[in-house]
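Each in structure tokens, the structures are laid out below.
Okay, so chain A shows up in both of these, paired with chain B first and chain C after.
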Partner chain A sequence: MSTTSLPASLAGIRDEFLELPENERLQLLLEFSQELPAIPAALQDRADLYERVAECQSPVYIFVEVDAGSLVHMHATAPAEAPTTRGFASILAQGLEGLTAEEALSVPDDYPQSIGLTRVVSPLRIAGMTGMLLRAKRQIREKTAS
Partner chain B sequence: MTVEFDSGSPKFGEYAHPGRLVTGDWLEQRLGQPGLVVVESDEDVLLYETGHIPGAVKVDWHTELNDPVVRDYVDGAGFAALLSRKGISRDDTIVVYGDKNNWWAAYALWVFSLFGHEDVRLLDGGRDRWIAEGRPLTTDVPAPAPTDYPVVERDDSTLRAYRDDVLAHLGKPLIDVRSPEEYTGARTTAPAYPEEGALRAGHIPTAQNVPWARAVAEDGTFKPRAELEAIYLGEAGLKPGDDVVAYCRIGERSSHTWFVLQHLLGFENARNYDGSWTEWGSAVRVPIVAGAEPGAIPA
Partner chain C sequence: MLIETVPPTGEIVDPETDAGAARLRELYALPGPEYVRLNMITSLTGAAVGADGTSETLTSPVDRRILGVIRAAADVVLVGAQTVRAEGYVVPRRTRLAILTSSGELDGHRLRLSSAEERDRVLVLAPAASADAVRTRVGPSDLRVVPVEGDAHPAPSAVVAALHSEGLSRIVCEGGPSLATQFAAAGAVDEYCITVAPVLEPTVHPFLRLEPGRAPRTRVVGQLADDTGFTFLRLRPSA
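And then the complex of A and B:
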């Protein structure tokens, strides 16, 4: 997968952040953290499916599902005391939701650095979101390899 | 000192500097008192926004205490600008609290101390205990009137150790506050923490391994002095008056231990090596010991 193109969903989220002055972007990230969907009931007892994102300081686990129609659904769980991490997961879960596997794999790896948060949350913290994205893409690759 | 010390706790009374800690009761009764500023400092940069102690201001170590370019803290002018913006005066009493048993709060306290801010205290038990005790939280962000905090140059010679200071210090006590896995060299990051880059694994020769969290009781507060002495003087072999350096990975967990050594146990010559393992473990030809034994100083 050598070409990259940004799906409209993630481009929209990026623009939402960039339209805000820097000091208001944390508030938007907080809103995202509050919108992180709960894990579907069918997946709640399936800790075995989830992968720990080691790049994040807080315990966050992701599971990316590629359904029968080859559409992507990312599920994530992170504690309430880790709102930054929840916000990152929520952006990716919302942004990847319903994309085809091919569209999701074309998301640029440096998307997290493009949404105007690097300075407000720090480069080290944004690296956690990059780790999350790369792991999600790897899961998609594994699940679509035949 | 602007605000009286918390003298209501028998546990605090046994510490070397009892005035460095306050309880939730003490703080809740004094919220809003002139001369008292509450500062929240967390690992998670958004946690403050989810709710904080009424009137508390946020100080983030990544984005506010660190210099954005050089691996260092802000300078005197930067610190003055930061504290002025937060509405803190030089003679204010500051109470810092935060997540993770006050890791980052202790780090902030240590940095404030480098600039000689005299009266900085920790809320015993930190953010989690405040919440567990059912005390008030708010999402209202205060807009303090800016102050005119003076420009004071940082003193890096008293509470801070650089790599060369540690090399010269070899032979005197060192406390490695990282996890046993990091100490032995099985890994270079805290368990479940991101890789922040160190090319070698292990510890500084002769360092005793006392993970920082051993200073904390189950409820998140600091252990009583007798228990701390059993750990640091008993097990780790420190002697009163020792010149001791603590280190971890980037200097934050060791700020917590530095606080214990300096303020709770009274080691007046305790220093924090903030370069810590991310510097030592990547520096060329500094001595390193791998394995569970402290090891010897190379001849």
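And then the complex of A and C:
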């Protein structure tokens, strides 16, 4: 499907969607929204670290850490009343988890369009997920700049 | 958009319509409660993987959709440990996953085993003699290990028997090539579901490495073709 290697975690998530008939994909997105990891205790009071994803209609905040081993950890908040958006945040948080900065930066910007949801959710929501991905990558670049 | 070419009905099957989805389920329905399918993808050159060592550059959204139909008609996906690592398998949501390993070496896997529910869907199959060692090895991930009778390289029939003993009789083996070849050469496959991707790739690993005289005789029971040049074949052993 792709000419460059998508990290296995994100390819696996994409394939889960593609294996389903379109009318079951929203349900899978809902399952992902329920899996969005909670903010770690250490970051509960660090709202200053988080970036608002303006491309999302609902309030979504992300903070991407690059740890001492150069591994990526994305933390996100999204309201429970916005399950589509929460689902997207969850996909990225799970898919980017533990990747090297280089692997995360090589994720194609059009990943959100490749997971079989373009006929299932509105273009505005897909654009929201793209916003999350691009901002996450920018945070990674900033944190790995020498 | 798919078209039925064998049998040559010329019917259009659009997986995204209710009628098309139903037709796909019908075409891939199992003839009985015990069935072993082998599902593989290959390039025109017989390669199981592309340049990156995975099937990522061979597969397509329609291929994944058909894989979904095949998995939905199965109780368990059976795959070799090396392939779990190389292909970055995730635990299928609606089917169990059985991983065949002799060493219990599952490091580097991308299985998201974050919930007990997910861990319960995964089985590790190991040769009976090394089952305890494998249990120790996979202990930290809390996965269940099921012993397979026989020696260090269990026969496909023993692997199938182990899965039957777990109540899993509708099996789809997804490779890798080494496991697929063992099953094919042993005559343990009831149906081959082969995706042929219309690309030319160097064949480092043939998707089936069959020795002369050990090639199963088969007949084509079904073929779908899509508008990007992919074909989706179903073959069964002939008498």
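Throughout what follows, the second predicted complex is superposed on the first by the 141 of 146 C-alpha atoms of A that agree within 3 Å, B and C clash if a C-alpha of one lies under 4 Å from a C-alpha of the other, contacts with A are read in each partner's own complex, and residues count from 1 in each chain.
What we mean here is this: a contact is a pair of C-beta atoms (placed from the backbone, for glycine too) under 8 Å apart; a residue touches a chain by one contact, two chains touch by 3 or more.
The shown structure was predicted, so the numbers you read here are calculated from the model rather than taken from an experiment.
On the superposed chain A, the positions of chain B and chain C stay apart, so the two partners fit side by side. The angle formed at chain A by the C-alpha centres of chain B and chain C is 110 degrees to the nearest 10. Of the two partner chains placed by the overlay, only chain C lies in contact with A:L6; chain B stays clear of it. Once the two complexes are overlaid on the shared chain, A:R125 sits against chain B while remaining clear of chain C. In the superposition on chain A, A:E81 contacts chain B only, with no contact to chain C.
Think of it this way: put the two complexes on top of each other by chain A, and the tightest Cα contact between chain B and chain C is 13 Å. Residue overlap on chain A between the chain B contacts of one complex and the chain C contacts of the other covers 119.
Across the interface of their complex, chain A is touched by residues 15-16, 21, 52, 54, 56-57, 59-61, 64-65, 67-68, 71, 87-90, 92-93, 110, 112, 114 of chain C. Residue ranges on chain B touching chain A, taken from their complex, read 43-47, 49-50, 60, 62-63, 99, 192-196.
Residue ranges of chain A in contact with chain B, taken from their complex: 26-27, 29-30, 33, 52, 54-59, 80-85, 87, 119-122, 124-125, 127-128, 131.
Within the complex formed with chain C, the chain A residues making contact are 1-3, 5-9, 11-13, 15-16, 18-22, 28, 31, 35, 94, 116, 119.
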